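Since the structure comes first, as structure tokens, the remarks are kept for the end.
The letters A, B, C and D name the chains in turn, as written, and every chain counts its residues from 1.
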Amino acid sequence: MEKWDGNEGTSAFHMPEWMIQFADQKQEFNKRPTKIGRRSLSRSISQSSTDSYSSAASYTDSSDDETSPRDKQQKNSKGNSDFCVKNIKQAEFGRREIEIAEQEMPALMALRKRAQGEKPLAGAKIVGCTHITAQTAVLMETLGALGAQCRWAACNIYSTLNEVAAALAENGFPVFAWKGESEDDFWWCIDRCVNVEGWQPNMILDDGGDLTHWIYKKYPNMFKKIKGIVEESVTGVHRLYQLSKAGKLCVPAMNVNDSVTKQKFDNLYCCRESILDGLKRTTDMMFGGKQVVVCGYGEVGKGCCAALKAMGSIVYVTEIDPICALQACMDGFRLVKLNEVIRQVDIVITCTGNKNVVTREHLDRMKNSCIVCNMGHSNTEIDVASLRTPELTWERVRSQVDHVIWPDGKRIVLLAEGRLLNLSCSTVPTFVLSITATTQALALIELYNAPEGRYKQDVYLLPKKMDEYVASLHLPTFDAHLTELTDEQAKYLGLNKNGPFKPNYYRY
Amino acid sequence: MEKWDGNEGTSAFHMPEWMIQFADQKQEFNKRPTKIGRRSLSRSISQSSTDSYSSAASYTDSSDDETSPRDKQQKNSKGNSDFCVKNIKQAEFGRREIEIAEQEMPALMALRKRAQGEKPLAGAKIVGCTHITAQTAVLMETLGALGAQCRWAACNIYSTLNEVAAALAENGFPVFAWKGESEDDFWWCIDRCVNVEGWQPNMILDDGGDLTHWIYKKYPNMFKKIKGIVEESVTGVHRLYQLSKAGKLCVPAMNVNDSVTKQKFDNLYCCRESILDGLKRTTDMMFGGKQVVVCGYGEVGKGCCAALKAMGSIVYVTEIDPICALQACMDGFRLVKLNEVIRQVDIVITCTGNKNVVTREHLDRMKNSCIVCNMGHSNTEIDVASLRTPELTWERVRSQVDHVIWPDGKRIVLLAEGRLLNLSCSTVPTFVLSITATTQALALIELYNAPEGRYKQDVYLLPKKMDEYVASLHLPTFDAHLTELTDEQAKYLGLNKNGPFKPNYYRY
Amino acid sequence: MEKWDGNEGTSAFHMPEWMIQFADQKQEFNKRPTKIGRRSLSRSISQSSTDSYSSAASYTDSSDDETSPRDKQQKNSKGNSDFCVKNIKQAEFGRREIEIAEQEMPALMALRKRAQGEKPLAGAKIVGCTHITAQTAVLMETLGALGAQCRWAACNIYSTLNEVAAALAENGFPVFAWKGESEDDFWWCIDRCVNVEGWQPNMILDDGGDLTHWIYKKYPNMFKKIKGIVEESVTGVHRLYQLSKAGKLCVPAMNVNDSVTKQKFDNLYCCRESILDGLKRTTDMMFGGKQVVVCGYGEVGKGCCAALKAMGSIVYVTEIDPICALQACMDGFRLVKLNEVIRQVDIVITCTGNKNVVTREHLDRMKNSCIVCNMGHSNTEIDVASLRTPELTWERVRSQVDHVIWPDGKRIVLLAEGRLLNLSCSTVPTFVLSITATTQALALIELYNAPEGRYKQDVYLLPKKMDEYVASLHLPTFDAHLTELTDEQAKYLGLNKNGPFKPNYYRY
Amino acid sequence: MEKWDGNEGTSAFHMPEWMIQFADQKQEFNKRPTKIGRRSLSRSISQSSTDSYSSAASYTDSSDDETSPRDKQQKNSKGNSDFCVKNIKQAEFGRREIEIAEQEMPALMALRKRAQGEKPLAGAKIVGCTHITAQTAVLMETLGALGAQCRWAACNIYSTLNEVAAALAENGFPVFAWKGESEDDFWWCIDRCVNVEGWQPNMILDDGGDLTHWIYKKYPNMFKKIKGIVEESVTGVHRLYQLSKAGKLCVPAMNVNDSVTKQKFDNLYCCRESILDGLKRTTDMMFGGKQVVVCGYGEVGKGCCAALKAMGSIVYVTEIDPICALQACMDGFRLVKLNEVIRQVDIVITCTGNKNVVTREHLDRMKNSCIVCNMGHSNTEIDVASLRTPELTWERVRSQVDHVIWPDGKRIVLLAEGRLLNLSCSTVPTFVLSITATTQALALIELYNAPEGRYKQDVYLLPKKMDEYVASLHLPTFDAHLTELTDEQAKYLGLNKNGPFKPNYYRY
């Protein structure tokens, strides 16, 4: 059985400060309606995110209706009222969004087809807490098709697409979520998912750990019936490792954040495209000939550098790790210290996961019109706080775009106030979300069906074979034809014909 | 003196049908407020163009004020009322847009600086008819700084940025333009520019030929004082060649459309970026692994192919010209007939300048969710008319995005109704507009200052030396350092140290 | 009829000094056996060059036989003795080389097939003077298959492949050429081709202009029967323009050097590959991470830069022409002056066509182990002469590789003594030679069959339609499928369905 | 202490058949002088291989001297005779090669400098068995400079550079090796290294495991004083894991084959260049427009695909692993089964590590002139044996290039008889060898200086920190400037400022 760094995860792994801080921050996200969390950027939201002066009002807005959903009496067309959404009448709009998403989530649709005979989740009672978007809806309805009963809340007070929530409610899913929840609303919604007469969850799908936290705190006895937790976020996974380390994890948990496929898509391939998209939508700049410094040459940095180089930018890289640094060299990038190029570059992009990579001193030395943005973790990489000083003028020129003006007239173009550019100013392609959602579905199936004893009260990685399965479900999208090993070849390689095909340490 | 294909242009060149048709179509643009012309995509407009459901209302809209500008009495802060714009009070917003544009138009700013001593356009009275955008404003104010007096109308009834027009009027420029002119308004504005008591133009800057046409028709005597015409558009240039051919061109004209720098930037470099931008903003698709067929491997096709290949798409090319076809092969693209790949591709992009490249038959054979768009000329490349049949359902899913649905449920995603994707769904970077505007300014200077007899009543290309000068003015943007020939080297090469550096036939 | 810059070519075009010098130099090539001319790098030579352990030597070598071919009595197997080659017994080896070349020259083979019915060169008596390689042999035998009689000499005293010459002689072609001719031999061979009892040429195929020169000088009356000259080289073309300018050109001549297809392949596409090949074969260096400066961003420079960038080098560009400079910027290269980077780069590559681009001063400042080479014109770009001073030590470390050692121990790695790297140290792919040879064949057919009056006593470019035909003949190699215009589309575009498809000024 | 997959390596890891077979094959290499082993391609060999006209032969050749080195009496200039090489008089040539190599092995030179004070290998008595090349010589002399005494034999009977061996002997190193040893010579040389009066090794550096095997077999007691084994090859590492598994490994061993830096350079970066080099040197083909299928998308396949795509080839990929398959898609390659494209491709390249990937059936279906070569493991990937049938004719057209001819005249171009192209037909850049050699040196230092108990009788990976150190020693080559963490940042990330910077599972 594949288990990932169990010792490190549960005992030896030193928790870096940023993770802890990030966890705190995540909490804040839920409290402050002005911040946007990880998965908030669905199709419709991205639209409003690129829309500087309007509020995408007519469609997603509900400003015409100030009544709290908690105070409304709503029923779907079948008379069911076990849900709480902004406006059930928006269901039709939401359904269209879901249908569009279905077309780009072939793997989940394939799972539905395969599940027409057997129902691998028959009997499963899944409580979920994720962003509520069209893609989540496809996941949720897939879980339903696989035999599960689901109840769902939002993991972020701001990211819910009201139309999609309405469509799910109309389709009979008990959904408790709307855009613009208060903190009290947030926990109320979660509670409505788990605290149900005559229904008790046996599986948890969490994104951020809040749902898990709530059950731990309020209904610890529920864990007796729970077969496992599937957690997607960095923060949530971290919390699980902490629980495990403290000996308090009482069910098996699966970390789907670190599966190969998800990592490569969320980072390398997705950022390769979103760096261009984010910069274009915010600044309409031309990439050709621009000098860019990318801080950090991990997967995200690699993606950013490759894309910008391909578009004719001249790219410099900074790194602290000599191995990644050598990769940058071999890939054709000058490896510099930030100070060496800070005066000459047109764009500064951070992808380090570190803090204060771009300091006030750097910002002071940048040339006029230099664009500064963050593709890395959180909002710590650029020391934005240092720019909140009286001598600098801030001018909001578009949504997500600030000009910070020095006394001598120099302007720095700061994107998304130093928060994640790809989340704030571009969209996450449905295809990437499809990979994540499929991974979640398979993790739920695996934990739900695993024979007694396969998983203990620990945090597991998705078995490599399942990772491979997720990949294989997405190959038809590309009309890609996999070769099969012959018996003779499988024997020669010492492999099972159906995989797994690589040792655990394989780097891809 | 460098003169381009004079004979061909004025006598021997066979006028292709599409040019004539395009000219007609251009007229239509001016009449129908729902269509957008060539240069309409400034910073602000692009914003509304990416905004599917809202109308970017609060900022650019003036729907709250239904009074025609022609019926208003407006004065700028200096008491001047020789202009007609939507709302002079929007001047401050417009000024900000102009200031932003100035930062990306270094060449014009450099011309201003150099003109502080001499005023190469002192005495010039320029009447202009172009899109009224922030970039045009920078051009206009540069012409002013060079000594010229200007009067300006819009070349398109829809593309004027009202705030920018207001800012220009506030700054003392007689501007007659607003967004949403009627056809009558359109000609009225042009007339207000030329039909002035005590002021007669001696230079024309035109984009589309309407201004030139108006003067020919109404005030032919004005040409006695006019030193030349500078024309930017394909259509306008075509009209000038027709006039020349017919012996009716009574002043020198300069075709700035075909200068090297402008062509490369408008086509190869600009499309390399805008194909990605246009597809992303409309569909949020992921490029990696997608199969794409690009019809046509001219400059536009080359740009599209390079960008998509770099982003991980698998690109096929169709061509009619064996030389371009061989280039496509050597550049690593499978050269196919459209029919060979039409069933398998995810995206179809036309860049041919031709008509009916994508026929109904092709559309019938495309797979579900195939995206179809046009980066070429006009709106003829995709036979969109053939899709307006009863058995097909059209569904507008976003602004500029239609799903055309076949009876069996297959959907084709049609972008911008087959019109130009890069104009409808992405932005033209200011840097590209800077090159065009600088070319126009230099052409005006050249024609205005040329000694008697250098230019006859014919259509000229910008001298190569000026083309090189435009390029050199844009090099500082890239902190690019040009090498100078030594005397010995110049002699060896048989070149003047200051250029021109290449023979006319050089292909770059 | 398409005629290219006739006026410029024959009257107005100022002859740059380097062309004249180059012409002189070319003469030298023929005199000095230690230098290698343009087309010396055929398959067989490269073969032995890649062959460390085998003994290709045994069959290319003839050092065991010091008798001059002029003193030998040789007959081919049919008893024919109208030829003069090194050793007729090597014919079989040569035939194999020719057969291999045939497989990569599909266009000529296609011409042979099409000529099975009609013989477009029936009656043609062609005298040729080119490099004698397997590819030339395929051309010559194609001309024969098309109906022509041929007599052939070598245009370079060193480049003849003796086995190929033997194979041609065995097949009945009067060939007069061997490797290592003296200058006297050289002219004797040419004379044997033209000074024949009962046979007089009516077409000339020349590469360098020596054959043309010889006939002008010795047998001017021959021109009465000669229908035209086809000339391939820069030098030869230059001489023809000079003759034309002086009014001394007495037959039409066709400049095949400047056809689009040939130019793109000889420069951009060929150099893209040969820069890597040349550097690898001489130095075994790794490209990844290396800093390279490429002087000149014409077609050759563009090819070099693209290849090195793709292999992970960091490339800087120097340019004198602001338009090419701007292209370099947009393509993602830092544009610098050589002095700015000379201390830091690992490789210096010249592609300017200029002289003294790399001076002794530059060489003094280069860092240890810096590689210096020339991909441009001639051997003038690097001031190699300046390195022949007493304080510097030259050490030949390999063929074509010298270490020049400074007193402090610094070594510069000079390749090919500053001559053309791609000719000295890599091979020209047969495919490129195929394009050239096909162009020559078509030019001969065109001139031979042109109706009276189509061509005057001037220098012409290959008609664009033929250029397109050359391209189309090479498309099957790539299994490339050209699209045909419909009648409706041809009408719309104002084009003939069979081309030409572009105006003359089109830049590709 | 970092230990890699200890459980898997020593107990659970199933030994694939090919590894065992490969080990056998390796033995064969040593017996058959016509085969070339892994590291045979040093500078000198490649030098002569690129040297068509010079006579590198004269100094590498020893055909003039048929006396076995074992029968010669040789002394170096200091009178020492404790060595056995071909010809001590060749020392000067070898020294030059070593000096050239030193310039490209900056990391070892840096180690020498740092060791001027302390001698980390003082007291070490290292017996080595590797390829004897200029690069090995730099390693050996570095070990000497670090304080070690060394004795050395060749790991391959064919790969020794006699001049280099002579130079080492001249410099006082007891080297026992020459090119063209018999099997008996091979073991005799090894024995001469270990079976010495008054000298007993305490460290082993092995490449292939033969030396280790010999000591196990003949002098097992020696292991009492041996502190550790450093092994580089796949085969040798495999043998060590077998010993460990069998409980017979009696000293710590370090597997330097699987360090990150070595893997990336040996595979991805090196193959990216060597695929082009190998194909060019053997076939002089043009890459542009060629259709290529690459079997396998691991690191080697990724390198080959990237290079060929960059050169304008159209690349198809086959894969068995869905994750690698999805990477291929996202990187822009059509994923196919070999059968789908076998009829159309111009080149087939295997990089799978598998057997019979290209079968006789595939070979029968390839088109004329298709090139077939292997970049993967061993010589099993192409079923070359199946081509040894009477109806097929083999024609050796160059060294390493065979034409296999079908009865209908179809020719397949088979490179290196299906053995590794990059080893047979291109060179391994010194820079790559530098990384390997540095890794070996650091592994020796680590094992020699490790405190008691740090390493047990098991197989270890190089600690990540040392892997990072190897990388950092190579950064100056690229003038690359690493950024250092501030204290605050290190704390935030939970990292030591000096690394290691990544968790063990990081994929780079």
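Here is the rule we go by: a residue touches a chain if its C-beta (ideal position, glycine included) is under 8 Å from a C-beta of that chain, and two chains touch if they have at least 3 such contacts.
Since we're looking at a predicted model, the values are computed, not measured.
Taking CA centroids for every chain, report which one is farthest away from chain C.
Using the mean of the C-alpha atoms as each chain's centre, the farthest one from chain C is A.
Taking each chain's centre as the mean position of its Cα atoms, how many Å separate chain B from chain C?
Those two chain centres are 42 Å apart.
Mark out which residues of chain D touch at least two other chains, giving numbers and ranges.
269, 288-289, 291, 311-312, 326, 329-330, 334, 478, 480
Using the contact definition from the top, classify how the chains connect: line, ring, star, complete or other.
Contact map by chain: complete.
In the complex of these two chains, what residues of chain D are touching chain A?
Where chain D meets chain A, its residues are 4-5, 8, 13-19, 258, 260-261, 263-265, 269, 299, 318-330, 334-338, 340, 353-357, 380, 467-469, 471-472, 474-475, 478, 480-486, 488-489, 491-495, 499, 501-505, 507-508.
What residues on chain A touch chain B, complex-wise?
43, 46-47, 50-59, 96, 100, 103-104, 269-270, 272-273, 276-277, 280-281, 284-291, 307, 310-312, 344, 368-369, 397-398, 411, 426-427, 429-432, 477-480
Which of the residues in chain D come into contact with chain B in the complex?
288-289, 291, 309, 311-314, 326, 329-334
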